[in-house]
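There are structures below to look over.
Heads up, the next two complexes both have chain A, just with different partners, chain B and then chain C.
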Partner chain A sequence: MRQVVGLTSTYSSDEFGVCSALYELGGMVVMHDASGCNSTYTTHDEPRWYDQDSMIFISAISEMEAIMGDDDKFIEDLVQTANELKPRFIALVGAPIPYMMGTDFDAIAQIVEERTGIPSFGFMTNGMQYYPNGISMAMERIVDFYCTEKKETQQNTVNILGATPLDFSINGSVESIQEWLKSNGYTVNCTLAMNCSLEDIQNMSKASINLVVSTGGLKAAKLLESRFGIPYVVGVPYGKKFASKLLEKLKLKKTSLGWDRKQVKKEKHLALIGEAVTSISLACAMEEENDVSVIVLDPLNENNELYRTLDVYVPEEDDVMEQIKSVDGIIADPLYKALCSNKEFYPYAHVAFSGRIFEKDLPNLINTEMKRK
Partner chain B sequence: MLKLAIYGKGGIGKSTTTANLAAAFSKLGKKVIQIGCDPKADSTMNLLGGTPVQPVMNYIREKDEEPETIEDIAKVGYGNVLCIETGGPTPGLGCAGRGIITTFSLLEDLELFENYQPDVVLYDVLGDVVCGGFAAPIREGYAEHVLIVTSGEKMALYAANNIYSAVQNFEDRGYASVKGIVLNRRNVENEYEKVSNFAKERNLEIIADIPRSNDITHYEDQGMTVIQGDASLPISQVYLDLAKKLLEE
Partner chain C sequence: MLRRVRDEILEGVEKKISEVHFPAPFYAGLEYSSPARGTWNIVHTGMLIPESHQIFVCAYGCLRGVVLTAAEMNALDRYSSISIREENVLDGSMEELMVEGVSDVLEKLPYKPKAILLFISCQHFFLAYDQHLVFDQLRARFPDIRFTDCYMIPTLRKSGLTPDQKMRIQMYSFLEKKETNLKKINFIGSNLPLWKESELYTWLSSSFEVWDLYRCQTFEDYLDMAKARLNIYYEPLAQKAAQDLEQRLSIPSQYLTFSFNEEELDNNYKELSQSLDVACPDFEKEKMEARRAFQELKRVIGNTSIAIDYTFTFRPTSLARRLLEEGFNVTTLYVDVFVGDDEKDFEWIQTNYPNIKIRPTNQPGMRFIHEENEKILAIGQKAAYFEATDHFVNVAESGGYFGYRGMVEICRLMQEAYLNKKDRKNIIQKKGYGCESCIV
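For the complex of A and B:
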């Protein structure tokens, strides 16, 4: 059945992707939607919510405001709140109701910017796309606006693009990527967007190379390449051997994927379900250190430019069920177990899928031996 | 690139004006796209010999997927005018305004303007600015100028005023501005005077005065514009003059 999720969960939405990407940058981020189900972001999808302050709001649009298209109230609320809180920027994030009404977020952002003098951005998310679209939109826009000046290139200096808790949790994985780079002679310039400031983003053009750690970081990497000629390598340094291979790719200073696209099916054949860049990296790490083949099933977006020969896009739950028929085991978020009753199942939690439920069980696999004992 | 949105009361002759204007621009050697923004999807019919193009919303409804190429949803009509219709949901259901916005973002994804490189884009929009979707053609990046089609009839002028007010309300949003009034005559008493007063009160210009003409009906019955039917007719000259004027300005 198309567009039906009967046994598992759904991934975090594009609007939450924007919120997650902008969480630490000092802006005022406003989801324009009715209050209620958007609290899923704070209670499930944002592990930083209780420990780290951020100006994330919901406009709480009412039925009559939606019917009347009353943008003025929204604008007044934005201007008044921004004047009180003095955020570094204002981000307006779309949701299903304004999407159906055709709210023009760019136009509203323009008005708010004129009235407050604070840079303002409209994000045309709709809550019906998945979180990488939102991360991608937010990172590209913020880099486009803030990183405009070419700074002198510093050799062996790297930006990390696409880091959010939705893919990496807050279990130390992102810090481990930074450590791994440092221990290999690199200076980490900016990690978009964890432990990161707008000043770091302004200085992104200093980097000699970018490391893209999720699909959400790809568009920003392409922008930095076209604007400043900074090449990028796609991959996450999971496992020891795959991390070494990724390091070799970084040293070449050329835009490339961190993996070979050719894949050979082995006797032990597993499937890994998840976001393309993190999952392909993890699959490669397992293949490098074990006698297995691991295909990636990507339920989020069709990322043909990233897939190896056996990886596939699985937009529907039925597609996942079909694909896992031919594998010996499945590595996926625990909520996928319902689909895999007759197979070996290896739980690997993903915040963007199960929120914070399994957060404590999420291992940090960066530059860690992946040999199965 | 000249990008114009044509608004006016339902049945006032927007599609006739738009299609003749498209034909006139092409006669002047320009590459033209006409986008009908009305669920009725009849804007471009007379550029296509009376055989309509499949509207974008119909394509999505029937195939249950978005079109992958411009060719899936466009047809080349008289004078190589590229004809597109947004169409709309099943009458009585859904949201027609949202259909227009969805079509526009789809055309953006398909890089219509980048690939086709038109000189002129014409948006023919349903009767009135009734919701966010029907204002989409005048948002930033789409039409830069609005033409309001009206006769001297009271209700046509009433609708024209609504459209003018809506566009004025969007002034601080960087939307399109009203370029002028196209008087499409219905032969009512003191018609020019009435429309002229309306225009003056709003500091607008009547940029074309189109007489009532049986030639238009004659050629529309054959599925064509008067420009295609006989470009030497006086009525054809009126459209050609309007096209020239818009290009010069």
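For the complex of A and C:
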């Protein structure tokens, strides 16, 4: 049945996607919700919480404020805290109850900005969408606001778009992507949004090309293309051979997917469950170096512009169970194992699904040989 | 470590006890959440009912914390989710979603639970969904499974009963009236069991069958808690649960305040003996043991600064007062809201030690508090985090360390913490102190 997850976990939500994308940028990010969201995000979806400063808070809205539509306390609290902590910007993040109240986040952001002089943004998340929507919303908005001026293009300079711990953990994968680019003659300009500052974002227009490493980075890439004519390539350099192919695509300086859409089913046929860009890249890397075909089952959003011929959108647990009937094995987060009892199962942890549980076991597969026996 | 003391921020959040009011010392504005996770949540608590299964119906953002709580405690096989999507909010299909969703879960499960804890969220209240219809239909469809309504409703935490109080009521909602067993008594409402070495346990277990949720291995054991002649509780949040059981099942209750004061403890025991109609033992020996334990601890730790947080015990101010009376150097209390029983101790400290610092744990400014100055002994995980000390007592929700012998054990734990460092970062981030955890 739709919407039922009987046996396994659920993915992180859009509000946490916004928080993750903005974490390192020096802003104050406030989820407009009662309580619980903040500890959920910081416990399960934010591996940087213990060691790295950030201003992620919750408004602690109460029943009466919700029923009466009382935004005044929220505004006063935002202004007071912003005046004390002096963030670079203020981001207001929606949750289920403000969605039902019809809270006008843009209007509140405007009032707060007028009173504090600090750039403020409203994000109409509602906790009922998945995290890539939140990452996408946040990255597009922050680029739209801060990257307005065309700087002189520097050849062989790349922005990486869509990097958050929800898809890449903090296991060194993002640093490895940067190293891979550098070792191939590129200068990394801005990595949105890990090891990144607002100044980096202001200078994004210097890049000659963008590399989109998750669906969360796609909208920002499209914005940079339409505003400054910077093309983008979609893909993550997993494996040796697929990384080489991705490099060739980058060299063409044209907007493209990092993979071919046509897929051929092989005798050994596997399914990989996960976010579209990272999963298709990993599937391609496995196919390049092994005699297998790997279809991607995308439970998050319908990304038809990214899918290869055999990849499928699987919004429900039942869809996943149906699709895996016809494959020989499954590569997925370990918490999916409960659905795959009669199949070969290859665990591959995903922070956005199992949180911190398996993060210490998550391999860094960037530009790494993928040949398996 | 990137966190550091920012004096100007600290100045804004920290108060002297003489400057604050009981019970709410701080303004409630935006909130911060520290990485100390030892306190239990509703998933941990719900798992105490044997052979039960939990189903949460809420948005992804709300599901995230509960599903991963279940996963981290290796109990995902006793947990399921039904996600609320935008269309359910807009088209009024909540009742159908719940009935069909729960039915689907029960068909998929590889085992048949005896009871379902069906959790609804804030959204249900704002949609005014028909709860009776949902539960009536489920009970009709699955007559051999029991259902109860549970609540994840933080938006309503300031309106009437809090979610924690409601959870404690619902934890016993499956109980039905049974013939009283005069030899049986229950401890109710606590997440952790009463420590077996406590004089309270030794006393009661010598004459009665002492039950709590921890002792229940089967759902039948749980249902048999309805046979008890008395429900005892020391967790203040359990008061409404005790009243509910008095009303529904005619089981009287006895509250024992979790005090560190000898007079209050003696009164507890006197009242309990009257409720049970038995003689009250003489606990003079245990009382002396506790006094000696404090003296020995003082000899070892001397004038070391001590910080206490509210997650360690239900009565942090009572503990602070006892330590101050015994000559210890208590410097800081981490408390967001004081509880009712602590008012006299609060006033006593205000009068006698007006400079003791009160710090919140959830104010935004606390994000930047991090002190690594002198050697500080922290009692509780949050105090350990904010004081950045590896010398801390790792206990939450009282640890069940009740009474004089409980104090002896707390002194032992303080001494052990003073002498040995702990792996603070890894320990305090585990959820649900005392629960199984797959987080290494």
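Basically, the second predicted complex is superposed on the first by the 370 of 373 C-alpha atoms of A that agree within 3 Å, B and C clash if a C-alpha of one lies under 4 Å from a C-alpha of the other, contacts with A are read in each partner's own complex, and residues count from 1 in each chain.
Quick note on the criterion: a residue touches a chain if its C-beta (ideal position, glycine included) is under 8 Å from a C-beta of that chain, and two chains touch if they have at least 3 such contacts.
Bear in mind the structure is a predicted one, so any value in this text is a computation, not a measurement.
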Identify which of chain B and chain C touches the larger number of residues of chain A. C
Which superposed partner A:N38 touches (first chain B, second chain C, both, neither): second
So, does A:G69 touch the first partner chain B, the second partner chain C, both, or neither? first
Going by the contact rule set out at the top, does A:Q110 touch chain B (first), chain C (second), both, or neither? first
Mind working out whether A:S9 is in touch with chain B, chain C, both or neither, as first, second, both or neither? second
So, A:M100: does it touch chain B (first), chain C (second), both, or neither? both
Partner chain in contact with A:M128 - chain B first, chain C second, else both or neither: second
Could you give the residue numbers on chain A that contact chain B in one complex and chain C in the other? 99-101
Touch list for chain B against partner chain A, complex: 64, 95, 97-98, 100-101, 105, 131-133, 135-136, 139-140, 170, 172-175
What residues on chain A touch chain B, complex-wise? 2, 69, 99-104, 106-108, 110-111, 114, 124
Provide the residue numbers of chain C that touch chain A in the complex, in ascending order. 1-3, 9, 12, 28-33, 35, 37, 58-65, 67-68, 71-72, 76-77, 80-86, 88-89, 97, 100-101, 104-105, 108-109, 121-123, 125-127, 152, 154-159, 364-365, 367-368, 425, 429, 431, 438-440
Considering only the defined contacts, which chain A positions touch chain C in the complex? 1, 3-16, 30, 33-45, 49-55, 57-64, 66, 76-78, 80-81, 84-85, 95-97, 99-101, 126-130, 335, 338, 354-357, 360
